[in-house]
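Letters A, B and C mark the chains as written, and numbering starts fresh at 1 in each.
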Amino acid sequence: MSPVLEINDLTVSFDGFKAVNNLSTAVKKGDIHFFIGPNGAGKTTLLDAICGRVKPAAGNIIFRDGSDVTKLSEHEIVELGIGRKFQVPSVFNGITIYENMELAAVKVRSLYSSLFARLTKEQNERIKAVLNTIGLYEDRYNFPAKLSHGQKQWLEIGMLLVQQPEIMLLDEPVAGMGRKETEKTGELLRQISRQCSVVVVEHDMEFVRECANTVTVLHEGALLDEGDMESVQKNPKVIEVYLGRGERERLEE
Amino acid sequence: MKQIGNLNKAGKNNITIIIIMFLLCIAPVFLSDFRTNLLGKFVAFAILALGIDLIWGYTGILSLGHGVYFGIGAYCMAMYLKLEADGGKLPDFMSWSGRESLPWFWKPFEIAPVAVLMALVLPTLIALIIGYLTFKNRIKGVYFSILTQALSIIFVVLFVGQQEFTGGTNGITNFKTIFHFSLASGSTKLWLYYISVVFLLLAFFFCKFIINRRVGKVLIAIRDGENRARFSGYNPTIYKVFVYCISAALAGLAGAVYVPQVGIISPAEMGIVPSIEMVIWVAIGGRGSLNGAIIGAILVNLMKSGVSEKFPAVWSYFIGIAFVVVVIFMPSGLVGAFNKLKSKLKSIKINKSANPAEDKILME
Amino acid sequence: MSTYLLQIFNGVSVSSILMLAALGLAITFGLMKIINMAHGELIMIGAYVTYVIQNIFIQYFDKSIFSLYYIIALPGAFVVAALVGYLLEISIIKRLYGRPLDSLLATWGVSLILQQLARSIFGAPNVDVKSPAWLEGGLVLGGTQLPYKRLFIIGLVIACIAGVYIFLYRTAYGRKIRAVMQNRSMAQSLGINTRKVDSITFAMGAGLAGIAGGALTLLGSIGPTLGTNYIVDTFMVVVLGGVGRIVGTVTGSAAIGIGNTTFEFFTNASLGKVLVFLMVIIFLQWKPQGFFTINSRALDE
């Protein structure tokens, strides 16, 4: 499997504090790649750097086609084929569910095309298919405000799906979901990974165990271990980071 | 796969705008010349309100400097009217300030189409520059509002200060004819009124076109979550500059329509106070609704002329309280309140007729 | 050159009043994301309180102690403006949290009401406040005379800012305010009564505006629209200086005040204002967040 995204010696710092420290890794094509680690390990910052929200102090992130995404602005990165879902569900509440999907589905997002171009038949079919997948077809004229928390998350994932990215970045997609919703989201992820690579930041270990192909453990901004879930779980360093913290916390209490 | 209705078309209706236009068209029959003329002025304001609604109601950008664009449009038209009135002679205020020849930038305004064109182009250009410089740097929210407010102050100061070119505090007035028709005659006034109404209708359909196209959804998306829109692959800067320019152009058009009917334009019309009042028209009518903008502009001004003619102090209290009450308790204005009432009535009807068992099925 | 120095000195004294007004504005904006357009009217209230206290002295007290009125007027201006601010907060402002644009419009409405109220009570024409005798004259320094009034204003502002600084950074209550400013929900869960912090802070900012109004009576006559003349400059200070740090407000008002006087001196009043505006726009190309900001990783606007 060839890499779609290579991260080379990436360092992101906030006022001298290195949230990501000299990190190198790669995301393979069609992979479900989880980034885990204790709070403050730099997981979300890594996603921020990939999608252009923060600019790194050093290093680069090379997309499949050879372009360095750290040099591009957010919307250009999306155009390359990198989609991002934020932790807090954020959909557009002022337009209908269908229109939310429409905005994500179009390929040319210039002012001119937004003024004059209509959706193609193929795009309409795709929207319909995705709406059915996420189970919101019948609600398509409603506004997202009426949806439950889980449904909003799915709508947002659906928007990413019709966007047809090559890499999808998900920040804690199952946070705040019940067991049933989590299972459905896992199913959705596997379905998605047939079309594109999925990068997930997650705390829910059970969810990681269920879905992950590759797991990268971050600790204080640096890479601690990488591999499949089983081998990572056996790594004494990983156990120390998680358990050690736990023990320290217990002592403090 | 179950299919209910069309995939993408929700029902739309145009009944409100038809009623508004009908009322505006028959109004002169019942009104005196003076009142018709006044209403024509409010119709010009309604054109401007459409622009403010686009940028504020739909895109969430609060501009407190639209008086400037209105003023520039009005001044462009006024320069033409003044030159036509003085028939080749130097405008009176210029000779009072000791000028002997017409400044070069006044010359093109001798030609009517140029003046009308400039009333649209100049506001657009200024909005393009200001908009690009601020939106590109992601200056938004109240910061943008404050900058636009400062913009309106400096334009007032500039126009008052450059008396020999602008007529100073008094502005430009004493027009006689427009396109060689006497401005004093009742028939010209009636024509001007109907031309305003036609422009309002055109502006309405133009705005309607924008919000019905995908660009309208993008604007709402920017309002609801600018960053989210960015991560959906849209460049908000371009869209914001675009809508700012459109709304400036509409303000310029409104100014150009306003001047021949009112017969004077002065810096006072472009200051902070009128600029923020324009926003309250839209707030009262209902932001995010084109009908609301039109209704708000005309209604508030009707009330203003009614109340402030007799009790100017009362009007200040009234408009002040209106600001507070509408913003806090009726954020979607009169149109929003009306729609809420309508859907409440509907739901009462449905509750009466609906079969409770059916509801249950729907919920599952 | 000495006329220019005098101009600069005047600029400094004007910008120090700006500073006082902007301080309250910046704190309330930083704390509650509220833009208070009625802030200018709080300045006006402070000025009219000074006027009223002066009249009381003229009516009821002996001429010999007239000059002392000003010492009572300044705290009076603070208290009355703070009280009005407090009432405003608990009645209107609290409903507008997290809606900065709406707060701007609603408070503009409040400012219209307050202006009209002033017009109804005191009449539309401007009124004069007679400065106390002990502020007449000036300090002669190398051929130029620096008026005592302006020196007094500068001193007053320094004292106020020092007071605010100590309050914010050296007292337990100030710590609470800063905590709410940086992370409201966290402060709330630590048991800080954020509602109380909000209203007290708002009242304090209003009180500072009141003092600014009291100081303004030394420089000229006052009228119902006194506040409007200052509000935009005050806001430009906030834009320029950034939100949430005293040093930003000080830098911003110095830049606006001295920029205004300098440009006006070398061109004329109308061009000067235009140039200052252009400078602000150009500056924001370089630093869109203003001089100083509190860094935060919070996501959305």
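Please note the rule applied: contacts are C-beta pairs under 8 Å (C-beta built on N, C-alpha and C of every residue); 3 or more make two chains touch, one makes a residue touch a chain.
This structure is a prediction, so every number in the text was calculated from the model and none was measured.
Enquirer: Among all other chains, pick the one whose mean CA position is farthest from the mean CA position of chain A.
Expert: Farthest by centroid: C.
Enquirer: Could you say which chain's mean Cα position falls nearest to the mean Cα position of the entire protein shown?
Expert: Smallest offset from the overall C-alpha mean is found for B.
Enquirer: Where the CA atoms of chain B average out and where those of chain C average out, how many Å apart are those spots?
Expert: 33
Enquirer: Once you find the CA centre of chain A and the CA centre of chain B, what distance in Å lies between them?
Expert: Going by mean C-alpha positions, chain A sits 42 Å from chain B.
Enquirer: What's the distance between the Cα centroids of chain A and chain C, rounded to whole Å?
Expert: 47
Enquirer: Residues of chain A that contact two or more other chains, please.
Expert: 86, 90
Enquirer: If you look at chain B, which of its residues touch at least two other chains?
Expert: Where chain B meets two or more other chains at a single residue, that happens at 225, 227.
Enquirer: By the touch rule stated above, which residues of chain C touch at least two different other chains?
Expert: If we look for residues of chain C contacting two or more partner chains, we find 299-300.
Enquirer: Under the touch definition given earlier, write down the residues of chain A that touch chain B in their complex.
Expert: Against chain B, the touching part of chain A is residues 51, 53, 73-75, 78-79, 83-84, 86, 90-96, 98-99, 102-104, 106, 109-111, 113-117, 119, 124, 127-128, 132, 137-138, 140-141, 159, 163.
Enquirer: Considering the complex alone, what residue numbers of chain B touch chain C?
Expert: Listed in rising order, the residues are 60, 62, 130, 133-134, 137-143, 145-147, 149-151, 153-154, 157-158, 160-162, 225-227, 272, 276, 279-280, 283, 313, 316-317, 319-324, 327-328, 331.
Enquirer: Contact residues on chain C for chain B in the complex?
Expert: Touch residues, chain C against chain B: 29, 35, 92, 95-96, 100-102, 104-106, 108-113, 115-116, 119-120, 228, 232, 235-236, 238-239, 268-271, 273-274, 277, 280-281, 284-285, 288, 299-301.
Enquirer: Using the touch definition up top, name the residues of chain B that touch chain A in the complex.
Expert: Residues 1-2, 4, 7-8, 10, 210, 213-215, 217-218, 220-221, 223-225, 227-235, 238-239, 242, 288 of chain B touch chain A in their complex.
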